[in-house]
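Two complexes follow with subunit A in common, the first pairing it with subunit B and the second with subunit C.
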Partner chain A sequence: MRRSISLYSLTFSLPLLIWQVLFFVFPLLFLIALSFWTVRNFVMSPDFDPVNWTTMYGRAVFWQAYGTTLALAAAAAALTSILAFPAAYAIAFKLSDTARRWAIFLMVIPFFTSYLVRVYSWQIFLSDNGIINVILGWLGLGPFTMLNTVGATMVGYLTLGFPLVVLLQLFSLIFIDRTLIEAAHNLRCGRLRTVFEVVIPSARTGLVIAALFSFILSFGDFVSPVYLGGGEPTTLSILITDTTKSGQQWPRAAVVALTMIGTLMIVAFGAIKFAYRGKST
Partner chain B sequence: MSGAADMNRNRAVNWALLAYIFLAYAFVFAPIAASFVFSFNSDRFPSIPLGEFTLDWYRAVATDPLVWDGARNTLVVGVVVGIISTVMGFGAAYTDYRYRFAGKQVYLALALLPPTIPVIILGLAMLAYLSRINLSGNALSVIISHVVVCAPFAMAIVRLRLSQMDPALEPAAWNLGASEWMAMRHVIVPFCAPAIFGALFITMAVSFDEFAVAWFVSGLNETLPVKVLGFLQGQVSPRINAIGTFVFILSMTLVILAQLLLSGRSAKTADKE
Partner chain C sequence: MKFTNGAGTGLTRRSLLAAGGAALAAPMLSRAAFAQATEITMLAWYGHAEPDMVAGFEAEHNVKFVPKYYTGGDNMLGLISQSPPGTYDLILSDAEYVEALNAAGYVEELDPNDYPLDDFFPEFQNFPGNWRDGKLFSLITRFGFLGVAYNTDALTEAEASSYNVFWDPKLTGKVGHFDWHLPNLGQMSLLNGNTIPYDIDEAAWEAVKEKTLSLRSQIGGFFDYGGTFSSLNDGQMLAFCGIGDWITGVLEKNGAKVRSVIPEQGGLQWSECFSIGKGSTKADLARKWIQHTTSAAGQAQTAQMAAYPALIPNARGWEALQASNPDEARRQGMTADAGNAMDLIRSGRIQYRQWPIQQDLETWNDFWSEYKGS
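Take a look at the complex of A and B:
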């Protein structure tokens, strides 16, 4: 066996490591330090005072926002995964190779359009005089208030996560060993049962990672809750912008930020552990 | 793969699934199509029925020098970020594929975690940190921050491809006398080529679309998405649609050009052989 540490191995492993330590670990460590700084007369000064932590954690508003954000992100991850799976499944198994290439190409297109523009576009659909209400009006229904609701926020989260989740699910489905599925069918395993007992377990890693990405994107997003949800209920990301704006309270914003990071780390490690459970490598 | 007959074929289910694909794409493309249509529509507050055809919003955007600055910044940042992220992401993916070492968990965590940190937090941390070391407020700071976010995507894409490779392939090349570098050049890189280009496009796209971190650290060198965020925060106007459509057509042209170049080159090598 060849030596592990050589010029060759370091050439590939070190650049990203150095970059992420310098520009990812250090900024986050600095954020921790920042959370202990104090603000007097709108001026920040280095300090070691837990006052920011006790202030933020003592507020009911903070815990409400925390619960809301967690629930919304979990709902978005579940909803996106459930809605994306039939599409990914159909693209993987029901389309010809050429059609599948087109499907993948089309699903990549949203990545080349601005998320902000798409959110603005949803406002055109969902507003009180928007496209959907005009169409419903022709049918003698409505108008319904859709903009500035939790449902609209969810539409925004779907816009953000759906294409990525479909692609990740698709890539894990494409590489399932087809002989497994044929074997199941030969053993007279029904269609739906094959999906739940062969396809989904085989693709588990990709499916869980896809759901995780949806959760992460929704958890930290501040565009959908503000511009589609109308800023109500308050999420942690909105809390950060508000806290930052209110008179240089960056240390308090850092407390919210660090709490979010801690939560995400727990969720991510849990999900990855579950995704790779029982695999040798 | 096309001949794989499956016993449980059912026409109704197949049609339902195809209809579902159509619905999924309708959902994804509805906002994109609407933004395109309403960028030519005269109404200040867009809805149906449509108003008159107009190019006013494009004119308003084209005469705004700040928009042009933003476009140039976005493009430069995106290309540089895409290249750096893909190269480093490939290295990390290969490291994970090939080596076992103490602290590998930590290495992987560092390589993959940044996208799990919400951009709004990263923006705050980056601004605070980069201004401490006098790097904030310019395009370089946007590049630095974007690579942090984009490299993990590149790594994930390449790693997925490597996991499909027969693990005996590389040792086979060594046994046949190839050096590690030659095996890399002739076995690993060709096998990963689709993933490498995929990673390049995806990371560039992520950078093009990223506005929150850029908004925090860019200072006066605003990228185009930051400019759009400004429009969204101020008075809402269909100018957003015009910018969106313009950027969309530009990036799609680039993607299709790249596709054509790639397939053209592989066709040529196939001819030679």
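Take a look at the complex of A and C:
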């Protein structure tokens, strides 16, 4: 059936469309144009020269940073999802309604404070003379180098994504049809098997979307790799700042940014396709 | 008929309304008084328009500084190029970027007679980049040295007095880089024996790259301004390449066990210069500010800036600092004693930080990215 466009539907959809065009499409088009500009003596001039693309794509350090960023973000998405699931599961199935509301409230609280501040506070825990090493010292262990490592970067990614992933998983889990779980139990399906055979497949869409958000947030994050990872290994976000320090090379930074946007779009479409596979819309 | 709210108070409704009206209007009056203060815009590194630096000048001239802080010369040039002429009345720039400001026509010409240039040490009266074709476009107001920054619990001054200390096995994973190619690679170039570290031929550049790469396994991280402070302060990094007293001086004053030393291979000099922005409608006030900050008293003040301390080019400023804060004058080496900051320059142990001369800036930066990723 062909849908007619009514004034009513336009009233609600137009603001969103205008918003997207103004704040996503226009900047994106500008970014694409910028990537073909040239820079001479710190002055950018409009041009149509592919030199920035060939230069950036011809550099080993770019692909190294790309691979590192992709791997770190994928690891963060997997780790966050695995760690968040038991929490979301417990909140969804084991807590009373009141306790669940409190748990949701507690998961929202981290968003009240700046991410940068939370990351800086991790330094106090993770440094060589930090809280964790002091406690380990009491037990006769350590000190262990934790700050300025990939592990510390991962802690930062978890700080960024964990509360959101728990919430997204939770909203997916609480809408699972409980009769399916009861049916599984009635058919003598064990608890663990029920989780893997019934709960996870039923909540697949939410779980994948949650992991996707974790991936997106980690992929573009600059704060954790710099302040917890000590700036190494170089991620794409760090490469952008490095590039702009080389005589106003914003066009080359635009190449990195567009590559990041392209990658995120491919991952997002792939994830959404997987999330909704086999479901009628 | 007289309305009163009580016998003997003498408070009439009219007087009450008048008093209330006056009370309500008072904030507006004070706002009007504030509004009269002329706003003057300053593009600078963080700290230059903070109260410890500008409060006195603001009160004296009834002005209000509106700062726009940047991090790095590229950032500064980007901000200027994206703003219409007249956006910034005052521009503070690192010396290596001053020529770019001149070349792009972003700054007004200055009259040398307006400023106490005769009080400056001779080395700073014709400071490179400040002049072009015999015309003055900017004025150096502060500078500092970059050497080896170190944790005093981990290293002695004698140990830190060579860039080779960065390769010391006991510092593996504990050497930090300030994340900017220019000072780090300049120091590597000094270590390789290049007299003018930024004017090196291809063979010397290859040798600098090789030397730098050999340091990679010692490096614990690449840090920005904030990260450099915190990693030195909490002892996470025990030695630092590419910085100097502008970082460690602040930490030292707050009790951290860190210091900077100019090693035997020599150090680098950073320099900050003030200019008046092209098209400024408050050029007169901007001129007064530069006069203030280059005066003896203003120089003593800027030497002790809370955000980061610096050396000063005005000899009378040294005297003013020695009189007002002899400890700080001694700490920074701005005394009449032998081996002071000027002696370091005059003995040839200090070289200007500048853009590479025989390679382009991109070449150095691209190598820096590769080094970080290696």
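Quick notes on this structure:
Basically, the second predicted complex is superposed on the first by the 277 of 281 C-alpha atoms of A that agree within 3 Å, B and C clash if a C-alpha of one lies under 4 Å from a C-alpha of the other, contacts with A are read in each partner's own complex, and residues count from 1 in each chain.
The criterion applied here is as follows: a residue touches a chain if its C-beta (ideal position, glycine included) is under 8 Å from a C-beta of that chain, and two chains touch if they have at least 3 such contacts.
On a predicted model such as this, the values are computed, not experimentally measured, just so you know.
Residue contacts after overlaying the shared chain place A:Tyr120 against subunit B and subunit C alike.
In the superposition on chain A, A:Asn129 makes contact with both subunit B and subunit C. By the document's definition of touching, of the two partners only subunit B reaches A:Thr159; subunit C does not.
Applying the stated contact rule after C-alpha superposition, one finds that A:Pro201 touches neither subunit B nor subunit C. When the two complexes are overlaid on their common chain A, residue A:Gly230 makes contact with subunit C while staying clear of subunit B. Of the two partner chains, subunit B and subunit C are each touched by A:Thr244. More residues of subunit A are in touch with B than with the other of subunit B and subunit C. In the superposed model, A:Ser96 makes contact with subunit B only, not with subunit C. In the superposed model, A:Gly262 makes contact with neither subunit B nor subunit C. Once chain A of one complex is fitted onto chain A of the other, the partner contacts of A:Ala60 are limited to subunit C, with no touch recorded for subunit B. Looking at subunit A, you'll find residues 120, 123-124, 127, 129-130, 227, 244, 250 touch subunit B in one structure and subunit C in the other. On the subunit A side of its complex with subunit C, the touching residues are 41-44, 59-61, 64-65, 120, 123-124, 127-130, 145, 147-148, 226-227, 229-234, 238-239, 242-250.
The part of subunit C that touches subunit A in the complex is made up of residues 72, 74-75, 77-78, 81, 100, 103-104, 173, 176, 179-181, 219-224, 226-227, 230-231, 234-236, 360-362, 365-366, 368-370, 372-373.
The touching residues of subunit A, when paired with subunit B in their complex, are 2, 4, 6, 8-9, 11-17, 19-21, 23-28, 30-31, 34, 83-84, 86-87, 89-91, 94-97, 103, 106-125, 127, 129-131, 134-135, 158-159, 162-163, 166, 171, 175, 178, 181-182, 185-186, 190-191, 194, 213, 216, 219-222, 227, 237, 240-241, 244, 250, 253-254, 257, 260-261, 264-265, 268, 281. By the touch criterion given at the top, residues 1-2, 4, 6-8, 10, 13-14, 17-18, 20-21, 24-25, 27-32, 34-35, 38, 45-49, 87-92, 94-95, 98-101, 107, 110-111, 113-122, 124-126, 128-130, 132, 144-145, 147-148, 151, 155, 160, 163-164, 174, 180-181, 201-202, 205-206, 208-209, 211-212, 225, 228-229, 232, 236, 240-241, 243-244, 247-248, 251-252, 255 of subunit B touch subunit A in their complex.
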